[in-house]
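Consider the two complexes below, in which subunit A is the common component and subunit B and subunit C are the respective partners.
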Partner chain A sequence: MATEKQRLMRKVQAEQFAVVEANLYLDSHPTCRNGLEYFETHKAAYEAAVKEYEEKYGPITLAGADCSKRWEWTSTPFPWERGES
Partner chain B sequence: MWQYEKKLEYPVNIKNPNPALAKVIISQLGGPDGELGAAMRYLNQRYSAPCREVQAILNDIGTEELAHMEIVSAILYQLTRNLSIKEIKESGFDTYFVDHTTGIYPIAASGVPFTASIFQSTGDAIADMNEDLAAEQKARVTYDNILRLADDPDVRDPIKFLRQREIVHYQRFGEGLRMIQDMLDSKNFYAFNPEFDKK
Partner chain C sequence: MDILDNSAAKGLLGRILDAEDAAPCEGMNCPMPQGAFPKETPVGMAYVPFQKWEKPYDCDAGLSRGTIFPSLDKPFIGEEAVRHGY
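Coming up: the complex of A and B.
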């Protein structure tokens, strides 16, 4: 059973996958209107999912870490541990 | 430059350790058609590529290959957790264990350590793109063979994702090759090297 954290991570991964796929496609089709629109839509959804995940479960990137009181980067597990991806 | 994202591109959550399976999957980390070689191939070839689109394809696929290295390594790491010495001996993992314990080290399944001699950066875009197309197909074959050897759905799932990415990358490199050929002399693609000769 996936935890709530994993369900939210799955959303982050799904949106990022759409962004990566559109990125590679647009490298060879840089003027495709549909591709550009798809990229913009999923980029926004990806950013929203990352923000929600980071607020609840800690940083994905250092930019999303709250390090005002402690070094948050080392307070969460790395993703190669079972249950962390 | 690169910034790390603390997540895997695709999830890896393996319940049952299986060191014998790790011993074959490790080829996709450090083997002749593995992800480390793929990342190094594209990230080295990108500098002198003859147009921005092809530079971008090499840059961005090379970057994705780094994420695939991490997925393969996470599979290896989780397949080799909490092993007893008995399991290590009986699975044949002992020949790896003696040198690396359960640390992750890039080798081929045959035991040959990763070597840069498995890839090229020729400074010729047509030669490089053709190598890249072949590399994606060879990696696809290796994933097909891993799928023949692996029964565990927890392992098969991320392996199928990685296999699928080889096919998409192959498509993108094909488009890169077409773009390069469109820039060249259509009567003789080899009349000059766009990465070296000044027209």
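Coming up: the complex of A and C.
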């Protein structure tokens, strides 16, 4: 059974994939209202999913590393530390 | 028996050649229709139909299928992925 962490990561991946698909479609359909709205919606959903994940489980990308108190990037588990992810 | 006529056993090419808006060549009673493209379309080139927006998959399903667009979801599984369609 997927852990909450895995479920949230899957959401990040699915939303990111939707954004990439919208990007590819919009490259050839730059004024398509449906495509533009889809992009907006899923970009926002992607950013929200990343924010939620990073608040709970640490940074996904360097940009997400909270460095207010300590350099979180190397203190949270790496993806290959199986026990963790 | 006109080979273009047995509409029952029409394959993909047969259906394209029979496209309703096909108009025979001007002035000649030539059986070969013009096909579905505008008159000024150069011959001898390949054309891809332009994709239209459609209701996408839910994005989790899209991630699994490798596309959010149902019409692009064509897994090459060694058989006709889209039944009776092309």
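By our rule, the second predicted complex is superposed on the first by the 76 of 85 C-alpha atoms of A that agree within 3 Å, B and C clash if a C-alpha of one lies under 4 Å from a C-alpha of the other, contacts with A are read in each partner's own complex, and residues count from 1 in each chain.
The rule is short, and it goes like this: a contact is a pair of C-beta atoms (placed from the backbone, for glycine too) under 8 Å apart; a residue touches a chain by one contact, two chains touch by 3 or more.
Keep in mind it's a predicted model, so treat the numbers as computed, not measured.
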If touched residues of subunit A are counted for subunit B and for subunit C, the larger one
B
Given the touch rule stated above, what does A:Thr61 touch, subunit B (first), subunit C (second), both, or neither?
first
By the touch definition at the top of the document, which applies to A:Tyr38: first (subunit B), second (subunit C), both, or neither?
second
Based on the superposed arrangement, let me know which partner A:Asp27 touches: subunit B (first), subunit C (second), both, or neither?
first
Figure out whether A:Ser75 sits in contact with subunit B (first) or subunit C (second), or with both, or with neither.
neither
Looking at the overlay, does A:Thr3 come into contact with subunit B only (first), subunit C only (second), both, or neither?
neither
Applying the touch criterion given at the start, work out whether A:Gln13 contacts subunit B, subunit C, both or neither, answering first, second, both or neither.
both
Under the contact definition given at the top, report the residues of subunit A touching subunit B in one complex and subunit C in the other.
10, 13, 17, 21, 25, 28-29
Complex interface listing, subunit C residues touching subunit A:
50-51, 53, 56, 59-60, 62-63, 67-69
Counting only contacts in the complex, subunit B reaches subunit A at residues 3-15, 53, 56-57, 60-61, 64, 70, 73-74, 77-78, 81, 168-169, 172, 175-176, 179
Quick one: in the complex, what on subunit A touches subunit C?
10-11, 13-15, 17-18, 21-22, 25, 28-29, 32, 34-35, 38, 42
Which residues, counting only subunit A, touch subunit B once they are in their complex?
6, 9-10, 12-13, 16-17, 20-21, 23-25, 27-30, 59-63, 73, 76, 78-80, 82-83, 85
